[in-house]
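Below you'll find the structure I mean.
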Amino acid sequence: MTQRTFIRPLQGIIPPMITPLLGENELDIPGIENMVSHLLRGGVHGIFVLGTTGECTNISYGLRRDLIRKTCEMVQGRVPVLVGITDTSVEESISLAQAAQAAGADAVVAAPPYYFGLGQPELEVYFRRLADALPLPLFLYNMPSHTKTMISQEVVMKLSEHDNIYGLKDSSANAVYFNSMVYALRNRSDFSLLVGPEEMMAASVLMGGHGGVSGGANMFPGLYVDLYQAAKDRDMEKVLELQEMAMEISANIYNLGTYGSSYLKGLKAAVSSLGLCDGYVASPMESFPDDQKRMIAQKVRSLKAFKFYGAGAKNINPEYFK
Amino acid sequence: MTQRTFIRPLQGIIPPMITPLLGENELDIPGIENMVSHLLRGGVHGIFVLGTTGECTNISYGLRRDLIRKTCEMVQGRVPVLVGITDTSVEESISLAQAAQAAGADAVVAAPPYYFGLGQPELEVYFRRLADALPLPLFLYNMPSHTKTMISQEVVMKLSEHDNIYGLKDSSANAVYFNSMVYALRNRSDFSLLVGPEEMMAASVLMGGHGGVSGGANMFPGLYVDLYQAAKDRDMEKVLELQEMAMEISANIYNLGTYGSSYLKGLKAAVSSLGLCDGYVASPMESFPDDQKRMIAQKVRSLKAFKFYGAGAKNINPEYFK
Amino acid sequence: MTQRTFIRPLQGIIPPMITPLLGENELDIPGIENMVSHLLRGGVHGIFVLGTTGECTNISYGLRRDLIRKTCEMVQGRVPVLVGITDTSVEESISLAQAAQAAGADAVVAAPPYYFGLGQPELEVYFRRLADALPLPLFLYNMPSHTKTMISQEVVMKLSEHDNIYGLKDSSANAVYFNSMVYALRNRSDFSLLVGPEEMMAASVLMGGHGGVSGGANMFPGLYVDLYQAAKDRDMEKVLELQEMAMEISANIYNLGTYGSSYLKGLKAAVSSLGLCDGYVASPMESFPDDQKRMIAQKVRSLKAFKFYGAGAKNINPEYFK
Amino acid sequence: MTQRTFIRPLQGIIPPMITPLLGENELDIPGIENMVSHLLRGGVHGIFVLGTTGECTNISYGLRRDLIRKTCEMVQGRVPVLVGITDTSVEESISLAQAAQAAGADAVVAAPPYYFGLGQPELEVYFRRLADALPLPLFLYNMPSHTKTMISQEVVMKLSEHDNIYGLKDSSANAVYFNSMVYALRNRSDFSLLVGPEEMMAASVLMGGHGGVSGGANMFPGLYVDLYQAAKDRDMEKVLELQEMAMEISANIYNLGTYGSSYLKGLKAAVSSLGLCDGYVASPMESFPDDQKRMIAQKVRSLKAFKFYGAGAKNINPEYFK
């Protein structure tokens, strides 16, 4: 297969697709099909599988490979597919990247190894080696809440010179860090700066960022695509109108329950309530119990975003209203 | 003295004024006069003394009282004066607030107690008690890097109902947190949401924040005032032009040396190189050695901001170029 | 007043005395008298006021001075009195140390400044300056849970060469750190290595440490004195018998409620239930409510330590059994 | 294969065997044979493969399986073999445990999933599920520096009731935590409490722990076996003599270089200098450069432990002295 190329810098909304599951070790195949169609209909600029939102580290390698293949099959090259290969073992990361290439994916994404904490020079060596060995372009993934380590600005700057490193996805939520990167890389129009948290996506695009890996786009891809476009167009009126919809989602869907798992549980319950796929959450986390699923389903239907962007959903999952 | 009132929500640029010192326990009185004039000439909307940038916790209580008095005397009510009363002892916070009131200050600012880590319900009780006992309005100060604790959104929401709590200064650099506050308090036009880090001030104002406590305004107050105004006016062209100047400052002045102290040492050296006041840094930190001071002075003079906003400086401190 | 000297290394049980309070800004003077008598009757080898257990950072400077004076008056030189001077302002630390010297105290104890986080070289400079300026010998206090910073082994080693630095109190609970210090300083018979948490006191003395700053000694000083002696004598039978009593206290008295404040609240309620002093806890913490005080009082009376070491208590506080 | 049983509680020295590697994805098979012989000759009470010291998370799953098989083959049931199955994916943990059972291993060891941080109730559910599904007994592994989460005492207590959970390996270095466990489980003579850091092994055995997973035993197994026995026998004279040897190792071998990787790099270089196996360190870490290897080799030969326990080594690796 000839490697397709995508335009650099990669821009826009590249949702971290949830991984539709029927059980601990079983993909929800029709769910994947629905999700891909749903996202593409919403106008997204790429699809990122096996990110944190995709429960990357929690599912078996077999499933990860199947998911990559299935997603690429469905996408058929219409948008770039990015594949998370974050791992503690370089061998496993490379092996997954090879599977991604074979399936026709366009790029891979890797956060720092997350068991042993590495020093900054060790991080640089690690990413350099990885980028050398990979058959696909690499996006760095800054995710300190999960990996314990920031990739320092200095290390990103050095790595940005590597031929096979195409960008940075920053999920630190630290706007000083992100804006410092935008400034430091202001002359590097090929290096993509994407922001993780959707709550700060519009602002980061206004200030010079290239787009977002917005989890909420699993529910309402059109909302984040429009918000991104409004920010690019500097249409502040529209930005603020859509930002309010995005914040309503954040405030209502991601904060039920306790612990860091609330975001993922809420998002999967919401997507499932829209009839897009099963809402099973893999170990070591768990799906919400039924009453909380119903609560999420009701909240979803009362969102402004549902009124304006809910048409993309297949149909409401009756399971949630029993 | 009758308490003046200021318009709510407090908006604009309220610089965290550095504390001009001649030595470990000696204020630089002409320096304070210069700084106040310099800030007011730059058009700031308030002055905040004894913030983190003001080395609040590092100088003696006697000096803190003298600084409050001297600053209020100089400001003469032209803009609101906010006074940091962050302390581990409630008694000392209240006592400082009384001194602030007596001197004619307008409000006080308090971060969580920073020795014992408190749970969120304990934080709520603490701030409620404090607000009840204070003779001046209180601004909450979220500063997790120094206090070990975020003030949770839930606790801020509850405290925002207190009659004597007027706003929040957030220095977490976490844009998700800040934007969540903007959304949660969207109907509370009296409650002020100010952001600490200047690198994210413009974006936060664009998204609905009320202004910034920008440390760089000690050097170039006009820059941040203009940047704030451009953001308020949604003049994106100008925002980006001025943001680049702000980021140049951040990238060049705050990162010499190592450790968290680089910001303060760099800022004080820069202000001092502009001839505004002495650059002495109190224990437990230290001023930069001479060669690094010279380096900072040269960097200051090569900043775009110096060209456009440096006229406010008194004159270049010849000490730095020996 | 001629400075008394104490034998180096300082050894044994030096309890971190709780600060008896009647209210937010009022000492319980008879309580202080009781506590000092109680501790001395229990055979302690020193008394440490204004440690973390003494709510050092939470009470006003006026109260701190009064407490130092009163304690020294009561102790009358029978054992060394150590005074906590931990502060973010060097000036205030020195000023407190001068008050301690004037009152006749024997040494001071300081943790790193706890607002601005310092790098290790900055910590070394800080402690060196402090030790130079102090009128009394200094013990270093490693307390990373509260100060955010470990004092590295390397820095302790350098500081141990300073004429006015007499020892280290380590409250990190990290046995690797403590044992590394014991090894590194094995030829420094003058430098005292004391451990904070009473749960590891016996083991650390067995392995070569010099004693403990055991909070539980506020309740049952004799228990910890005997446990220390058994460990020094290598009487493992007795060590294990007494260790079990110490662990029963830890498991039952310090874990009621949530948050880090459980330890202090539980300890003060327990001491108060023994009729030794009032149990008021200063802001930003709070005393337990009455039902929890009663629960603590009942637990205290069912402890094995109460049976064997409770005679030292004045008499049971009837307030707790209403 | 019939499952052997081992005596509960598992006691003694169960070294976390380093993983001998020739390269990124190649086991050093003669090295494994040497290591197993070396450890058994040293009198260890078990062997733990794929712990943190075994670079568990850094090597591919294929290699992990080969290592398990090879080790079990060599050990031939002479001591229990424990296998680390720590993973973020439950499926992969179970699959590894099945391989361990098939190879004839005796038990498995799992730390909390280390990418998503779990709340305590989530941890409990996770370990319960895992223990239910495993074909071998499970030891819990508390390793907060790498997994971001302590397993709380409360959760350990609940899990200790599970039929298939046999013990806890605690690598927190927190002696308060460990001693609290010893106290809380004082009536559970079947539940094994093993401590990770060798610097606190002797003390923890003196206080009632069951043994240690001492990394230094890869170099000098006999030293730690003797130290364990001396502590069990309460022979304090001998404990202190051997503890000093153990601390000399810790101070000289584990602290060359910076970052958390110093321990592993130093240990592997030391073992390799003894001629036991190749010292290759897998990504994302790296072996020391040659000059530092030579430095380690010289230090090893000057250790007291080398004089008394070095005979077990095959012969000095001449590579290190070129």
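As written, the chain order gives the labels A, B, C and D, with residue 1 at the start of each chain.
Definition applied: contacts are C-beta pairs under 8 Å (C-beta built on N, C-alpha and C of every residue); 3 or more make two chains touch, one makes a residue touch a chain.
No experiment lies behind these values; they were computed from the predicted model shown.
Q: Which chains lie in contact with each of chain C and chain D?
A: Common neighbours, chain C/chain D: none found.
Q: Expressed in ° and rounded to a multiple of 5, what is the rotation angle of the C-alpha superposition of chain A on chain D?
A: 180
Q: Could you figure out which pair among A-D, C-D or B-C mirrors the A-B interface, over half of its contact pairs being identical by residue number?
A: Equivalent chain pair to A-B in A-D, C-D or B-C: C-D.
Q: Please identify which chain has its centre, taken as the mean of its CA atoms, farthest from the centre of chain B.
A: Farthest from chain B by mean C-alpha position: D.
Q: Just how far, in Å, is the C-alpha centre of chain C from the one of chain B?
A: That gives a centre separation of 37 Å.
Q: Quick one: report the Å distance separating chain B from chain D, using the average Cα coordinate of each chain.
A: That pair's centroid distance is 50 Å.
Q: Examine which chains touch each other and state the graph shape they make (line, ring, star, complete, other).
A: ring
Q: Sort out for me which residues of chain D touch chain A in the complex.
A: It is residues 24-25, 52, 56-61, 63, 86, 88-92, 95, 112-119, 122, 125-126, 129, 145-148, 258-261, 282-286 of chain D that touch chain A.
Q: Show me the residue ranges of chain D that touch chain C in the complex, using the header's touch definition.
A: So the residues of chain D touching chain C come out as 173-180, 182-184, 186, 197, 199-200, 202-204, 206-208, 234, 236, 239-240, 243-244, 247-248, 250-251.
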